[in-house]
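Both complexes shown next keep subunit A, but they swap its partner, so subunit B is in the first and subunit C is in the second.
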Partner chain A sequence: MANTACFMIVARNDIPIYEAEVGSAAKREDAAQLHQFILHAALDVVQDLAWTTSAMFLKSVDRFNDLVVSVYVTAGHTRLMLLHDSRNEDGIKSFFQEVHELYIKILLNPLYLPGSRITSTHFDTKVRALARKYL
Partner chain B sequence: MAPVGPRSGDAIFSSIDRVNAELFTLTYGAIVRQLLTDLEDVDEVNKQLDQMGYNIGIRLIDEFLAKSGVSRCVDFKETAEMIAKVGFKMFLGVTASVSSWDADGTCCSIILEDNPLVDFVELPDTCQGLYYCNVLSGVIRGALEMVSMKTEVTWTRDALRGDDAYELQVKLLKQVAEEYPYKDDE
Partner chain C sequence: MIGVGKMKQYSNVLDKPLSKGKQEVSLSAFAFLFSELVQYNQTQVDNIAELERRLEDAGYAVGSRVLELLCNREKGNRRETRLLGILSFVHSTVWKVLFGKVADSLEKGTEHEDEYMISEKELLVNRFISIPKDMGTFNCGAFVAGIVKGVLDNAGFPAVVTAHFVPIEGQQRPRTTILIKFADEVSISTSLYMTYLYLGKLNLSPVLPTSIHAQVLKREARLSQ
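Right after this comes the complex of A and B.
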């Protein structure tokens, strides 16, 4: 399991709809803001990269000190972004693929409005379990 | 007269036209979603779904009787079995079970283990009072009313609210005698 990791889902209109700190490291007080800031900065890179490849998994697109940003872009241009410090590309890829499946389930829920915040606790527990498994 | 109709709806289910399950689920979801947006009140949506179900039910009963070939049921027990085993199988592709009869045989529970209407659905906090499948209770109420049984149908268990199955309580209020609907001078 990674020491630091922050997972975020960003909707196509650049609004974060889900956020989870999944690292095992003791939290710094400003960690959440710092992580948001780094991920936000990486969005521009993702924008450029997303159209140069047909793959959904963009691998690591940006780095900040020892933290790396890996991104997975779904067909609807929803971005699954992971900030991490481990170098386990296969694990991250599997993590993204499984979260994508979960995200599709959420999206198929007629009572969920696309682009709105994901409040499902079921989704949250599943994502955290996947993070423990793969990262 | 003993009924001569089928004991299960499998044969009819395999012979009638079907639609893709996801299309069906999402279409129903879209209806509920739209009602929630339009009426902005969960209780109103429940009422509206029930009314829609009623309107479906009063038409569906004819289709049911024509295609299934069942004849008159001798008592309410048989009616409930018929709904659960043949009706649900015919139109939803699932089989329900009937239980919890009261002493008079006028009140029972229809239990659905599997419900195709609710695939993918998770109730958000804003819709906690919603009976998502309320259309089903309306269908049963409407259909039974057309065969001269006034019933009251309520949800007693709903898996979307954390229970382990879907349970509809069907209560027979009274049997209406069939009567000639027109007066002579009209």
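Right after this comes the complex of A and C.
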């Protein structure tokens, strides 16, 4: 089954630092902007929700037509956001947890400036592999 | 070099599992490294305040990483959303991992509501350091203050953190106190703020006392940045 999914990491200061289209559905031309727009719109909801719970995985926080936004907020308020149309909560949770671990490894690199773009191709390959595995 | 030959080689840091945090670093090695850090920064500045700021910045980078790592490793992926929660996280979890013991004390300031102090009889970074007379109130604890600031800031509780020497009676060495002064918008409790937001959503604009209202506005301004 073809599914759409867009994954994005947003830093503390609301700047996207990593972005990947990980779905298998055929690409629509305006899809990238549309996905960015929906994820951006969900940021406000995330901000309110993040202070009401100490869990990192906030489940689905927002929806647009048949697209759902799931969010994972880390301790340093970096947000991992996934836009998807499948209903596989456990898979999404595992996906987030593994990406979180990868993100920590990137962050622990003293040459990485927190809040700057993640340019590592290794990271990109690993995230895409995780997306294929869990989503 | 320690551990040469024992370490498994990984082609990329991302393949390497996160450290369990069981290894310890030699205190002498750390003291040498820290001494170099202070000496190097001393050549780059022309006053004490600037030197403290540079040490604090170095600590800040440590703090922001330590928060993310420890919440994952020691707390099983729970975030801290309460003020006292994050303070005790700093006082016990962070201190234990960085310095091998929990901090000697965590107290609330007596004069101001929004001040907290973490005191340590012999702070690890100050153990081999004595301050020359001409450097006045300089305190290398600024590095640790920076770590604390990094943790608090990134967890969403911005604060001004400073390190001070406090003489104790009958002891030659003063103890070090890390003074944490939270920004105004933090002192309004999160639950109060959430209630306010909730009432706002129901279109019942609550009338708040002016002092609290000012804090709410500040918090909103910060959140919308």
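In this text, the second predicted complex is superposed on the first by the 133 of 135 C-alpha atoms of A that agree within 3 Å, B and C clash if a C-alpha of one lies under 4 Å from a C-alpha of the other, contacts with A are read in each partner's own complex, and residues count from 1 in each chain.
The rule is simple: a residue touches a chain if its C-beta (ideal position, glycine included) is under 8 Å from a C-beta of that chain, and two chains touch if they have at least 3 such contacts.
This one's a predicted model, so the numbers in the text were calculated from it and none came from an experiment.
**Student:** Considering only the touch criterion stated at the top, classify A:Ala75 as touching first (subunit B), second (subunit C), both, or neither.
**Tutor:** second
**Student:** Taking the superposition on A as described, I'd like to know which of subunit B and subunit C A:Asn109 touches: first, second, both or neither.
**Tutor:** A:Asn109: touches subunit B and subunit C.
**Student:** Report for A:Gln47: first if it touches subunit B alone, second if subunit C alone, otherwise both or neither.
**Tutor:** After superposing on A, A:Gln47 lies in contact with subunit C but is clear of subunit B.
**Student:** State whether subunit B or subunit C is in contact with more residues of subunit A in the superposed arrangement.
**Tutor:** The partner making contact with more of subunit A's residues is C.
**Student:** For A:Lys126, is the partner it touches subunit B (first), subunit C (second), both, or none of the two (neither)?
**Tutor:** Touch status of A:Lys126: second partner only.
**Student:** Could you pull out which residues of subunit A sit against subunit B in one structure and against subunit C in the other?
**Tutor:** Looking at subunit A, the two contact sets intersect at 105-106, 108-110, 120, 122.
**Student:** Taking the touch rule as given, give the residues of subunit B at its contact with subunit A in the complex, in rising order.
**Tutor:** Against subunit A, the touching part of subunit B is residues 22, 26, 28-30, 32-33, 36, 119-125, 127.
**Student:** Could you pull out which subunit A residues touch subunit C in their complex?
**Tutor:** Residues 12-13, 47-48, 50-56, 73-78, 97, 100-110, 114, 120, 122-123, 126 of subunit A touch subunit C in their complex.
**Student:** Enumerate the contact residues on subunit A facing subunit B in the complex.
**Tutor:** Contacts found on subunit A: 105-106, 108-112, 119-120, 122.
**Student:** Touching subunit A in the complex: which residues of subunit C?
**Tutor:** It is residues 12-14, 16, 18, 61, 64-65, 67-72, 77-81, 85, 154-156, 190, 193-194, 197, 223, 225 of subunit C that touch subunit A.
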